[in-house]
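The following block contains the structure, expressed as structure tokens.
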Amino acid sequence: MSPYRVDGRRHDELRPVSLERGVNRYAEGSAIIRWGNTVVHCTASVEDKVPSFRRGLGAGWLTAEYSMLPRATHDRSPRDVQRGRMSGRSSEIQRLIGRSMRAAVDLTLIGERTILIDCDVLQADGGTRTASITCAFVCLVDALRAIFSVNQSRALPLTSQVAAVSVGKVGGAPMLDLCYEEDSHADVDCNVVMTGLGDFVEFQGTGEGGFFSRTELDDMLRLASIGMSSLFSLQRNSLELSPQESILFDELCAK
Amino acid sequence: MSPYRVDGRRHDELRPVSLERGVNRYAEGSAIIRWGNTVVHCTASVEDKVPSFRRGLGAGWLTAEYSMLPRATHDRSPRDVQRGRMSGRSSEIQRLIGRSMRAAVDLTLIGERTILIDCDVLQADGGTRTASITCAFVCLVDALRAIFSVNQSRALPLTSQVAAVSVGKVGGAPMLDLCYEEDSHADVDCNVVMTGLGDFVEFQGTGEGGFFSRTELDDMLRLASIGMSSLFSLQRNSLELSPQESILFDELCAK
Amino acid sequence: MSPYRVDGRRHDELRPVSLERGVNRYAEGSAIIRWGNTVVHCTASVEDKVPSFRRGLGAGWLTAEYSMLPRATHDRSPRDVQRGRMSGRSSEIQRLIGRSMRAAVDLTLIGERTILIDCDVLQADGGTRTASITCAFVCLVDALRAIFSVNQSRALPLTSQVAAVSVGKVGGAPMLDLCYEEDSHADVDCNVVMTGLGDFVEFQGTGEGGFFSRTELDDMLRLASIGMSSLFSLQRNSLELSPQESILFDELCAK
Amino acid sequence: MSPYRVDGRRHDELRPVSLERGVNRYAEGSAIIRWGNTVVHCTASVEDKVPSFRRGLGAGWLTAEYSMLPRATHDRSPRDVQRGRMSGRSSEIQRLIGRSMRAAVDLTLIGERTILIDCDVLQADGGTRTASITCAFVCLVDALRAIFSVNQSRALPLTSQVAAVSVGKVGGAPMLDLCYEEDSHADVDCNVVMTGLGDFVEFQGTGEGGFFSRTELDDMLRLASIGMSSLFSLQRNSLELSPQESILFDELCAK
Amino acid sequence: MSPYRVDGRRHDELRPVSLERGVNRYAEGSAIIRWGNTVVHCTASVEDKVPSFRRGLGAGWLTAEYSMLPRATHDRSPRDVQRGRMSGRSSEIQRLIGRSMRAAVDLTLIGERTILIDCDVLQADGGTRTASITCAFVCLVDALRAIFSVNQSRALPLTSQVAAVSVGKVGGAPMLDLCYEEDSHADVDCNVVMTGLGDFVEFQGTGEGGFFSRTELDDMLRLASIGMSSLFSLQRNSLELSPQESILFDELCAK
Amino acid sequence: MSPYRVDGRRHDELRPVSLERGVNRYAEGSAIIRWGNTVVHCTASVEDKVPSFRRGLGAGWLTAEYSMLPRATHDRSPRDVQRGRMSGRSSEIQRLIGRSMRAAVDLTLIGERTILIDCDVLQADGGTRTASITCAFVCLVDALRAIFSVNQSRALPLTSQVAAVSVGKVGGAPMLDLCYEEDSHADVDCNVVMTGLGDFVEFQGTGEGGFFSRTELDDMLRLASIGMSSLFSLQRNSLELSPQESILFDELCAK
């Protein structure tokens, strides 16, 4: 197994990741994540109503939408609206983002409100869904801050700190954080969503053009854990936590 | 952990599963799978053309569609065509079925043909996607038999025997093959697609309303393996293998 | 006129028809009809609401939907949802089924409920709309039984026993119950929906590629009557009528 | 049975009907039919291509489309495009118009051309589908004249003269040509499409809210025949037949 | 600059324009405008409700829809509903018609009602949007008369008399009222909506395939004014104003 | 007329505008324009094919698409794909952008290629369409540079330098470059697209809730001219013109 990859990284090395908060003046939470050459624009919007299937429960709801700008990719893709419907891929990804974010918040504590997470990919170089989740968490926290701003002594109703990363098997070797070129040649492609305490929210492993053994699964999960700790730190630093919030986040994250 | 479940099964016990082949007189492959109270009707259709993105490669293609009859569920659901588009859930499931079946066949050996798998759920009581995959494999084999019937000395271009089962964590305990009632209260819901040799084709674990630790993941994977061996036997028995085919299947399946 | 047909039947002979009730554990009424090689799966669902145009009248409503599985036919057809809309043919057929079933029941007596009839063709060999109607009537009776089960002394609000059969002119000769091969060569194709008392609910005669004279119309109607009596008996036997219900059905059907 | 109707007509009397040809300067055939208060605008367009399923046969095709302007009716109806799809009713009617017109022409003699009939209802007072058919025939003849204009010695490839009228049972009495008010209270509503020689092209009888006996069917068919002869004369007069065409029409119509 | 045009008109001359009111017996206002070979059918419908975004304001709303019959043009165009959506061009035009008509009426004085203007082009030879606006104003007045008919002493809540005309630059020369042949070769195409007092409601100038200088803009606006005075007279004459209405229109129109 | 506005600007003063080129690594041209609080992301993509209606002409084509991210606005708006179709407003704007850009380039000189301009509004505070056009021109130039990069001695096939700005009448006073708050209270709203030589490409003036006189039109056009000169300079500076390109731009722009 060669120690270096197409972009010179070690097999257990993330690409450079950064978060820029507050990129939209209207949204309750907003951020752009730059993860290698992948760039995702996220907003979290708070609406004072819930979908009909949640009405009257006294609890809130959270949903997510995901889309790519037409030229986010090497070749331009037609917009969904031109085809009259969302692609199966987009639908699958936004459902994943929604489930992951609902795992981070206690919706019974936000009142009959809906938090809508919008993830729009400005540039795609692999890992757009994991970048979306990692960035969406930061927007979610800002949206919760907006909801609870009138009563600052109240703790944010977070139940987990959530981030996501991809791992895969490329050329027979397990690797962390696949870029597009690696992803397109991967035997196995996994997306791992985890909590700060090391539990799994989602694990999706796909062996199109290949399988993965139990041993390979173990190797990939170990790599994912390595990447996670950087991502959780990045989220914390980006969020500029108050002392009270820092205590909450300490509880949500293994040291 | 209580040893018995809502329907009296042990935590590592499948519901009764049966396969009825040849239920459609036109389709190259067809079967109905009855898995507890879940009933799925599958056909495999062979068309002598490939989608445009596969044209001229000399290879074939395989795709799948999944749908539920309106009253497959406790309450009637509107048809997709009434809403003008496929639900995100159906889209996600049919993509999973397609990937799983493409993992079972060497498409470069079937010529410029498309195999279309249709999975229509007549009655749903949990596990419709895993039932669809397990049944679709049988239809796929019959479709390959139809393609290669003129040259019976040629081995079927199967690369794996593929089946699927659900596992989950219900009330804190790992369980095999969740029925609808268990699924709707599950902390964690996983769908496992495996090959006869014990490798993973897909693993999708979702912790909506809960997380799963590394230990729980290990427990659930062990349960999945137990269920798989029954399903592989059921598929073989249902397929009424010729001696030559039996040799092939012996290679595709761990004894 | 040759006395025998492509499948050896006489010109006034139905194909074998059977009804299997109770095929769905959730629906208030359900049955599969097997009519020659045509197989249709029907359910009747009861919902405790009516469409907006019927609200506040104190009466119920009944509507029907018809669809074919993609491989119900010799060649696979794309699903309606792929094309984004229902085919004109499906729309026309489901309107016919709905009108025919509304002719069988007094909707003012079922309260503000909607009965939804779903007819899904698993296999098509001609006569799918008449098979749907004949089967839907049986599901409708079971749905009415479910609505009125708490008050068994109340008679079911049936106004007619309704069944349907096709007749046509093939090779110049009138024939009862066309199979697909006959239908595709027919000069005239008629669908007849009748009551047990011999009245017409619907008569649709179409002479694509041919006309029909008044005499030929008379001949075809005579053949339809012959077929109807078998279908009414089949429905009655299938329904396992209680003594009270038998009295009602005696009134709805000419002996 | 009262001899007079809501608008003072006898039960066997048509409303006033007139045809105005040449209302569109681009279309190969065009006319407006005014039938009582029903007004339909028809065009027949000729295109030098056929749909893919007819290509290479050396024969032509004919298809029809039907639509109502939003305020053709007492209350305004939303346009189909607002709802994103054609209504089931429109779809059913345009299929009927298409079949009826295909029964009037020998498509093997028009080359690989498509004749598109567009029927747009400007004002609706019952009988829009039969008015459409009666008017479309006139447009069809003009379209055929346009196709064959270069070779005037060639006879038009008409196989029948086709017109249509409604009949029904209102208040227990059979009546010819229902206006909207009669139609909305009818027990039975029939649309009859016939040839000049007295054969049926289509017969659609619908007993929503009522049935019709064999005797009533006979009565209604007799009324339809009475109406037909006026309509065939109207079409001939409107078409300003050449001597050669008159000979052809004499053959297509019983004196 | 040649003084004569393709149809012999002077550069500052309108085509013949006529208005026929009362063409639909159900609509509160209706008219057909014939403007050269362009023919547009307009209705104004009054509904006793407003869209949700206007509810509870005590004021009304006005909206417009525009469509072309398939064979309004030289070559037949598919209906919008066949493509599943409105063309961008139709959408743009109907928004223009709606804005123009809202400029003519004080919606706060009509109660919670909606006036729906439908403009359906029967034949198109250039200038369909300006013909639609000019005709729609007449229908709007009739709709207001219908709303206020119970209280005839109340003045109609008109704020302007509104009409529209096209101007353009063809072959370098400014021209009034382009026909289709001129429009298709125009360097610049402008649509001008004005009030009777000479103010602009809308001005849309488009230089596809060319630009227009400030001087040319001035020339074109002067031509538009010339055309407007004829159109305002035509509207007044068509409307058969009562003495009281004449006083109102005198105020709305420069002498 | 008060000399100061809601944000302290003079009535003839633009908000701060900046262009950032090269924001997308795949697109042939890309830029973000920040115009006050309005932020638009533009890309220009080159494809080596043309739409069917342009095939075989040896010339190219240019088209544009416009969309807003859901939370570009104060309140979140649903995505077009959720509603199944593009809004009329978006359709109208993207047609304007396309026409404006086609006025800047000689498409006969780019071969059978299509340039696709995508304008996605990240944040909206008025003037998104004029910002899109001003930014799209810069992306267009970079796309032309990419097409002609192999032959650098060839001049870019630009026919005009094109930019756009809004003007309006607010509180009775003409103003340059309306922000959202001004726009929502404007009596008149105009969008002006001009060339560097002072000609008009498009002028769209809309008086919803008000009219504009000829004098006011003149005032607004004078303000537009003032804004244009800043925008043309900004585009030139942003483009980092080569000496050869500077000569070309000198010809396209009045000094």
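The chains carry the letters A, B, C, D, E and F, assigned in the order they are written, with residues numbered from 1 in each.
Please note the rule applied: contacts are C-beta pairs under 8 Å (C-beta built on N, C-alpha and C of every residue); 3 or more make two chains touch, one makes a residue touch a chain.
Keep in mind that this is a model prediction, so the values were computed, not measured.
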| remark: Neighbours of subunit F that also touch subunit C are none
| said: Taking only the C-alpha atoms, how many degrees of rotation bring subunit C onto subunit D, rounded to the nearest 5? | reply: 180
| From the centre of subunit F, which chain's CA centre is farthest? | C
| Where in D-E, A-B or B-C does the C-D interface recur, with over half of the contact pairs identical by residue number? | A-B
| said: Need the CA-centroid distance for the pair subunit A / subunit F, whole Å please. | reply: 34
| remark: Expressed in whole Å, how far the mean CA point of subunit C lies from that of subunit E is 52
| Where subunit F touches two or more other chains, by residue | 84-86
| query | Hey, how would you classify the chain contact layout here, line, ring, star, complete or other? | reply | ring
| query | For subunit C, which residues are in contact with subunit B within the complex? | reply | 23-27, 30, 37, 41, 43, 45, 47, 65, 67, 69-76, 79-81, 84-86, 116, 118, 120, 122-123
| subunit E partner contacts - residues on subunit F that touch it in the complex | 84-86, 88-89, 91-92, 94-95, 99, 102-103, 160, 195, 198-209, 211-214, 217, 221
